[in-house]
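This is the structure, below, for whatever I ask next.
Going by the order they are written in, the chains are A, B and C; count residues from 1 in each one.
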Amino acid sequence: MKKTVWTRRHLVDTHSLTVEEIFEVMAEAKALAGIKAPLLAGKVIANLFYENSTRTRTSFELAAKYLSADVVNLDIATSSAQKGESLLDTAETLAAMGVDALVIRHSSSGVCQQLASHFKNRLSIINAGDGMHEHPSQALLDLYTMLEKLQTVAGKKIVIVGDILHSRVARSNLHILTKLGAEVHLVGPPTLCIDPEPLEDALEDADVVMCLRLQMERQTSGLIPSLAEYREFYGIDRQKLELAKPNVLVMHPGPMNRGVEITSDVADDSLIRQQVRNGVIVRMAILKLLLQETGG
Amino acid sequence: MKKTVWTRRHLVDTHSLTVEEIFEVMAEAKALAGIKAPLLAGKVIANLFYENSTRTRTSFELAAKYLSADVVNLDIATSSAQKGESLLDTAETLAAMGVDALVIRHSSSGVCQQLASHFKNRLSIINAGDGMHEHPSQALLDLYTMLEKLQTVAGKKIVIVGDILHSRVARSNLHILTKLGAEVHLVGPPTLCIDPEPLEDALEDADVVMCLRLQMERQTSGLIPSLAEYREFYGIDRQKLELAKPNVLVMHPGPMNRGVEITSDVADDSLIRQQVRNGVIVRMAILKLLLQETGG
Amino acid sequence: MKKTVWTRRHLVDTHSLTVEEIFEVMAEAKALAGIKAPLLAGKVIANLFYENSTRTRTSFELAAKYLSADVVNLDIATSSAQKGESLLDTAETLAAMGVDALVIRHSSSGVCQQLASHFKNRLSIINAGDGMHEHPSQALLDLYTMLEKLQTVAGKKIVIVGDILHSRVARSNLHILTKLGAEVHLVGPPTLCIDPEPLEDALEDADVVMCLRLQMERQTSGLIPSLAEYREFYGIDRQKLELAKPNVLVMHPGPMNRGVEITSDVADDSLIRQQVRNGVIVRMAILKLLLQETGG
């Protein structure tokens, strides 16, 4: 009856998602909100994290457990003795052990697409952030959070502020939001954003302001002059927000540097908690769509 | 019918526990001894450890699993890339993900009380050791172990030996034991214990001797002259125990430095295994009391 | 009816296994292949790894979960603050917490036998690799994999190539294979193998070639002159395999150094994936035999 659109085995990007697929994730997520059900009992999900991210790993782990799947965590980033096996060999090893889905975070852009092409229907690859490429579940949870508040993003003015150049979060959001007819503005220091609009222009009458996390190592690498200057020109505070619509939504993918890219009072009024809550829900929807057998 | 006393959502200390509450934990623990039951099915417990403690983390993890709760482990101490998010933001993130209880170990005294005040009824905070403040589940399991052997601690002479000044175990035990009418003696080197009694006086006719673990870094920090001297003056051995009652109970919170604060033969005759076994039982009781919905 | 042979509580080596016991593991594994069943519901398995091995730990973890056992992981190798407790005290602590089996990897040869002698019937010790001594579950899964292809190993020529001297995998395989009547040949550089046969002689008409992983630190320790020389003389490639039987089976315990002990094309045609898949199955059989209560 339902499930007419979704046929994918992998979620590696938002770039290739159709509008129908995006809305199917939204609908599944809405149906799963607040529910725990053994829809994926007997399935095994492996969290294969080459970069440390307690937050994203825990979100996927809980999403899987709320659907009664088994979870194994492989924190390659923290294992002292990395034996230098290739990602492909490690993934094949997990496939041979009977794992149904690999949730992967890796520093190299594009590795999830390579694995998806390699494995085809043998298991599901879920991109939990690959280099500077994409972070699709983050963008889907961001969309879910915006839709809760705005009903639609079509025609809305959405400003993404920060290190656009290196941000997989910005890239995945940009793909989804433009597909859905939003007016996306990208703003940041000239070293971190190509051809940036002035922040004041972008913020004018904005519906949503999405702050990106500033990677602290950008400073030591010379890409920003100082945290103080970054905060002055790009940190989101109450005063800058006065340019936006009165009910402007402020979002942040977390973890936040309070007092750098966002002031603490703005953070407290932001949607960051709703994003985290919706993250679990949207990931439950992703796992269900990718893994649940369709009856016939 | 039962559950008339317990109304707390958090366990942050023993200082504020009433005698009735302490006995309710004891009664619940006794009822749960040796049992596995799905009393907390559907609940989620997060172990949030900023200091490494395989022993305490595993004890809480097993206690939760024996009651069919889901567990996620966040070993912040061992994660290579700590992104500098505040404890409060991390705790709020886990709350947003649907976690029902946070078991927290942290180096800062008082953080669990702060979190409990912040979260109120939104989730349960369980202190698994905060700085030099408290370690309430340890003191409750110590009490359970003593009651198994002595029926009551009222009027008993209980000697705690070691680094009293820095010990959250000593502090939590002291609160409970004095509430219950025990006669508690604190003994240690003058640099690690305020106004210490001579060990010989304390040990005379003692019912219980509780050895604290010597933190090895105390030596390099100049607080004790040498391990050999510590062992000679404060290490518990058979000869010193001759001053105590014939059936004196020897306890240790673990992990032990055999041959330092306790000789190996005394360790083998001590109650340390019973303490560990009772630790799981008492933590089951704590989780049940804090998390189980009361029927109406 | 069945279970007439197996009475062990521990699996510490293959040296002491009888032929009947080996075949009982094979039969159990065959019966469990592809199955998930709650045969060990309520049992608790602790993975106690003093050396890092994501692969073996995950294999045991999944084997346990496929049988509905609870699993706790203690990655001592990666915990930043190892408090110096002895292995015996740590094992006793886990026993007191109610753990039914300890899966142990440790750098010291013989520790699993010591623990088994100590614990007797109180819990099960499973050796997941102890120093240069044994790695019995690896040898049993290797046997299972050979039997799938060859039906029997009796009379088969099996060549093990590499660092024989330091290899617990070689040692455990040697015991099993010779018990079952195989003709085992051990080959490697003279610094890593006592009285080695020339590789060409060994490979002639071989039924199975098992490559061992080259520990990269052997080079810096002066035991091999260079990786290039090792590859030339002992690396298994198509050309060397022409000496063997046409359908020769190539095996590797993983993780592989592609281009060192095995060329990448030979690796792709090897049985390594089957070995990994069978690893989970054989470990399920081991856990079931050691832990399942027999009815009466």
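Everything below uses one rule, namely that contacts are C-beta pairs under 8 Å (C-beta built on N, C-alpha and C of every residue); 3 or more make two chains touch, one makes a residue touch a chain.
These numbers come from a predicted model, not from an experiment.
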{"item": "Magnitude of the superposing rotation for chain A and chain B (Cα, nearest 5°)", "value": "120"}
{"item": "Fraction-based call for chain C against chain A, same above half, different below", "value": "different"}
{"item": "Chain centre separation in whole Å, for chain C relative to chain A (CA means)", "value": "39"}
{"item": "Junction residues of chain B, two or more chains touched", "value": "78"}
{"item": "Residues on chain A engaged by chain C in the complex (per definition of touch)", "value": "42, 44, 46, 70, 72, 74, 76, 78-81, 83-86, 89-90, 92-99"}
{"item": "Complex contact set, residues of chain C against chain A", "value": "36, 51-52, 54-55, 58-59, 61-62, 65-66, 75, 77-78, 216, 254-258, 273-274, 276-277, 279-280"}
